[in-house]
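These are the structures, in structure tokens.
The same subunit A turns up in both complexes below, where it pairs with subunit B and then with subunit C.
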Partner chain A sequence: MYELKSVHKRYGLAKVALRKIELTVQDREFLVIYGPAGAGKSTLLNILAGITRPTSGDVLRNGVSILRVPPEKRDAAMAFENYALYSHLSVGENLAFPLKARGLGRAEVEERVSRISGILGISHLLERRPGFLSGGQRQRVALGRAIIRPADIYLLDEPVGHLDAKLRHKIRAELKALAEDLSATVVFTTTSSREALALGDRVAVLNAGKLEQIGVPADLYHRPANAFVASFVGDPPMSFISVEPRRQGDRVEFVTADGMPVAALAAEAVSNLREEAGSKIQVGFRSNEVRIAEEGDSNALRGRVDVIENLGYMKIALVGIGGDQVSVSVPAGTRLGVGETVAIAFPRDAVHLFQNARAVTHAVPSPGV
Partner chain B sequence: MLQRDSSFAREALRYGLIVLVLGFIVFPIAWMIITSFKPPEDVMVSPPRFLFTPTLENYVHAIYDKNFLFYIKNTLFISVTSTVIVIIAGSLAAYSFARYNVGDGHLLFFILSTKMFPAIAVILPYFLIFRDVGKTGVGRFLGIGLDQPGALIISYTVFNLPFAIWLLVSFFQDIPRELEHSARLDGLSRLQVLAKVVCPLAAPGIAVTGVFTLIFSWNEFLFAYILTRKVASTVTVGVESFFTLQGILWGPVAAAATISVLPMLVFVLAMQRYMVRGLTFGAVRG
Partner chain C sequence: MASIKAERLVKRYGAVQAVHGIDFEIADGEFVAILGPSGCGKSSTMRMIAGLEKISEGSIYFDGKRVNDVRARDRNVAMSFESYALYPTISIYENIAFPLRSANVDNREIDRQVRDIAEKMELTSLLDLKPKGLSSGQAQRVGLARALVRNPAVFLLDEPISHLDTRQRYRMRRFIKSLHQKFNYTMIYVTHDQEEALALADRVMVMSDGEIQQMAVPDEVYARPKNAFVAGFVGEPPINFFDCGVVAEPGGWAIEFQGRRLVLPERLHATAQQIGAGGLAAIRPHFLSIGEESPLRLDGKVFITEELQDQNLVMVDVGDIRFTLVAHPSVMPKRGEIVPVSIDPAHLLLFPRSQADKVGSIAA
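Let's turn to the complex of A and B:
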């Protein structure tokens, strides 16, 4: 088990890469660090690897500080985002490098190299130098070199980010299966929401050096801690409509600036909604929690279709309502044109509520509107 | 048809220029080699004779009468030792400049600034220092007095080191840091990383630096002339000793010069295969 205790990392005087991170990596866990570029994901991995020292805070392994343990004694294997291949060695020698450094016998080295290169589909490249490989092939060599040996923890920095879609899908599946086979502890960074939700036993969302939320994928998706996580996890991201609360007996109704009702929740459900002037209150929806209104739907808002994204098996319509934009999942066969005016039906009581970007409540989505 | 004419003219011009430049560079060397095989009476005649009976007389004179191989042996020992020291010390220094930015760039500039004054400006202090150090016990033990190989080894090392460091720094900077991080995680210690990853990748730079350093030391004249007399004299001083009171022995001079060029030629040709660029090509996403 690895623990980051209040880990802070500053580069120079101004640039803060990580802000007081508290994070635990459980044994045999597949932990995904998910965040936009420049969020501090690589810095976090480098600190776990011992390459970078935190400015303050502590890193523990099974309760003992490992800050003073050099990288070669940490038993961590890492795949670097920019590959970091030994360009003077062939692909086969690159893969064998960590094994030879640990003094493994020749037969075992050869056996492992051939097995890993088979899994990654690079068996035919073993004699080549990295300079003669494509980006995707090099990334696979980098990944192979990291997972070829048993390690206490595998640190994979966007290891499939530069592969084409088909290969990414395949390697992702292989990786998950491999991690389960080896009961390995894996920390994996990515900028893809899909990858984060698909691979992670838990997902940590990092933004501008701050840990926004950590939890199982379902939690992140259904109960985001704040508007950033809500808008960053899930594809399409959660959409928001700015509202104002109005108390009506034991219920609180949320209406748009034009006075149109969007949602109504029981007062106790929103008890931690603070009453303060000028605070920004938003109702959030997943694209599958709203739909195109049918005749007789009472709780509907009209809007204009701005963009239609065809995903093949379904379509995502971006509908402008007031100053906000709401994404709606619609069946692939739906006839819908850009510029068309549609009514969107909202679930009155199944909404996510945010005040000043912090989550207030996540009413459990109920079937039907 | 017209096209073929113009391309022929261009080709002719190209080869003409190549021959011209080559003539410029090769002619003096060819002259030296030709002269070394001429009998004494043919050396200084005007107009020069290109048809003559070749003789090894000059080589015999240089090698047996003047014992020229002794100078070669001296030079080999002095310049190789100095080059080895320069490469080891220079690599370590350059690596720390490249990786840890020692002295924030100021130190690196200062080091180069020691190359800015002419060698003649420091020759007197060097002479005095080596004269006095040579009289001490340590100086005698290490052979760093006047007319001792140690004095020249130290002088050449001091003079070549700044340039070597400058040359090497950029080669080390070219090696992505992640390669070292990766090697550490793969289980190598700092020194092992230097030996197994950094040095192989910096090999072209080290080869180039080695070639330059060795050539500088091999051809150096001023220090060798002032700091040695007999025991530790190098080839350049050896050639100079053919300038006798009776006159300059041009034939043996040419023979000696030809002999002195050979080891360097062999060395540079041998090093050529290491002097390739782009060894870090493909290491990181570019």
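Let's turn to the complex of A and C:
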């Protein structure tokens, strides 16, 4: 088990890369660090690897500080975005290197090189030098060299970022299966929501050096702690409508600036909604939680189709309602034009509610609706 | 704005031919994505349109006028990568006005055009600032405004949104799309990302090996791919391929796969007849299901289930073929579990076996 205790990292005087990070990496877990570019993901991995020293705070392994343990004495296998392969060695020799360094026998080295290169689809490249490979091929060799040997922890920094969609899809599944089979402890960074949700036993959302939320994928997706996590986890991102609360007996109705009702929740479900002037209250919806209204739908708002994105298996209509835009998933065959007026049906009780970007409640059924 | 036409367009670099005599037409105001893997010829094609590469053979026309010998700067083409270099010492206003001043447009007209585009690009409040201190998104919008203020004949975008996170991708994509809707530029977007191509373009031109494989509206490219390459390159998660036998049935045709037989829908009869005994079948992950009744049910072993929350991706090994299927979030079979996989024949695609190696070449 690894623990980051109040880890702070500053570069120079001004640039803060990590802010007081409290994070535990459990044994045998696949932990994904998910965040935008510049969030501090690589810095966090480098601190776990011992390559970067935190400005303050502590890093523990099984309860003991390892701040003074140099990288080569930490049993961490790394794959970084910039590859760092041995250019004078062939792909096969690059892969075999960590095994030979540990004194493994020739037969076992060959067996593992063949297995890993098969999984990564680079078996046909074993004789080549890294200089003759494409970026995606080099990245797979770097990943292979990291996962070929047993390690206490695997630190993988966007290891499939340079691969095309098809290969990414294949390799992320292989990686997950391999980690399960080996009971490996893995920390993996990504900027892709799908990748984070697909791979992580838990996902840590990092933004501007701050840990926004850590939890199992279902928590982040269904119970995001704030509007940033809500809009960052999920593909397409969650959309929001600004509302004002109106108390009506044991319910609170949430209406747009034009007075159109968006949601109604039990008063007790929103008891931690603070009454303060000027606070920003938003209802959040995932694109598959709303739909184009049919006749007889009672809770529908009219809006204008601003953009239609075709994803092949479905379309996403971006519908302008008041000053906000809402993503709506529509079936592939739907005929819909930009500029058209449509009614959007909202689930009055299945909503995510935020006040000043903090989550107030998620999907609580209200009485009498 | 201009229409664009290419005739038997060829690009050679020394002895290597990158583009093999392609023909296409892009209508005035149309948004076309050129989609393909690296080395397919898409960037060479774009650079020939821009005038950055010499045309080896064939012709390019803007509004019917041959532009082979027109220099790049005289073609009035705007490019997305111009967005990176803003002049640091002058205001945003002057950055946007720069191309107009170079063209000796009078001051009043410059002012009108700069303010007009600044408003459309939501830059009005920034006009008096210097580029330093802008967010990267704002700087990108200023760069785009500067490229667009000249009212270009065609606007070329070369993978402007690769390497962004999921949220930024949506933002940028929607911004580009709304730009097209607002201004109706003729736009060409070069990408290897099939999702961007489908989401953005009016039509998608799929290229591989220096040739156009298909040029059609997104729904067509997705649902009725012309060949196995297009089927394999378009779609996320990727389509499933499997070798099959093709056999005549009383009154029709069927495919055989691992000892099972699936009667083909009528739309595939002609294809089946043409391709003979050995076929390459393809089915999208959305048209496979677990446990449902179907004429073709296969037993497979679950390799892994990815829980994406809004849907689950289940990878199932049937013999030596790994199928990916999209399932409801409540369907989450465990690794190693044996499950029945059903194919919906209504959405099956069939190609000649000879195209199988084209599919393989994508992953290399």
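As a working rule, the second predicted complex is superposed on the first by the 363 of 369 C-alpha atoms of A that agree within 3 Å, B and C clash if a C-alpha of one lies under 4 Å from a C-alpha of the other, contacts with A are read in each partner's own complex, and residues count from 1 in each chain.
In the analysis below, contacts are C-beta pairs under 8 Å (C-beta built on N, C-alpha and C of every residue); 3 or more make two chains touch, one makes a residue touch a chain.
What you see is a predicted model; the values in this text were computed from it and never measured.
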Item checked: subunit B versus subunit C as contact partner of A:A165, first or second or both or neither -> second
Next item on the list: Classify the contacts of A:T191 with the two partner chains as first (subunit B alone), second (subunit C alone), both, or neither.
Entry: second
Margin query: One more residue to check, A:S114. First (subunit B), second (subunit C), both or neither?
Written below: neither
Next item on the list: Please work out whether A:T334 is in contact with subunit B alone, subunit C alone, both, or neither, and reply first, second, both or neither.
Entry: neither
Next item on the list: Using the touch definition from the top, say if A:P70 reaches subunit B (first), subunit C (second), both or neither.
Entry: first
Checklist line | First (subunit B), second (subunit C), both or neither touched by A:P236 | finding: second
Note to self: Looking at A:P130, would you say it contacts subunit B, subunit C, both, or neither? Reply first, second, both or neither.
What the structure shows: first
Check: Which subunit A residues come up in both lists, the one for subunit B and the one for subunit C?
Finding: none
Checklist line | Contacting residues of subunit A [partner subunit B, same complex] | finding: 46, 49-51, 70-72, 74, 76-78, 80-88, 97-98, 101-102, 129-133, 135, 138, 145, 162
Notebook entry, point to check: How about subunit B: which of its residues touch subunit A in the complex?
Noted result: 176, 178-179, 181-189, 192, 197, 200-201, 203, 278-285
Notebook entry, point to check: In their complex, what parts of subunit C are in touch with subunit A?
Noted result: 37-38, 163-168, 170, 173-174, 177-178, 181, 192-195, 198-200, 218-219, 222-223, 232-238, 284, 286, 303-304, 306-310, 313, 315, 324, 326, 335, 362-364
Item checked: Residues of subunit A defined as touching subunit C within the complex -> 35-37, 121, 124, 134, 161, 164-167, 169-170, 172-173, 176-177, 180, 191-194, 197-199, 217-218, 221-222, 231-232, 234-237, 286, 288, 306-307, 309-313, 316, 318, 332, 338
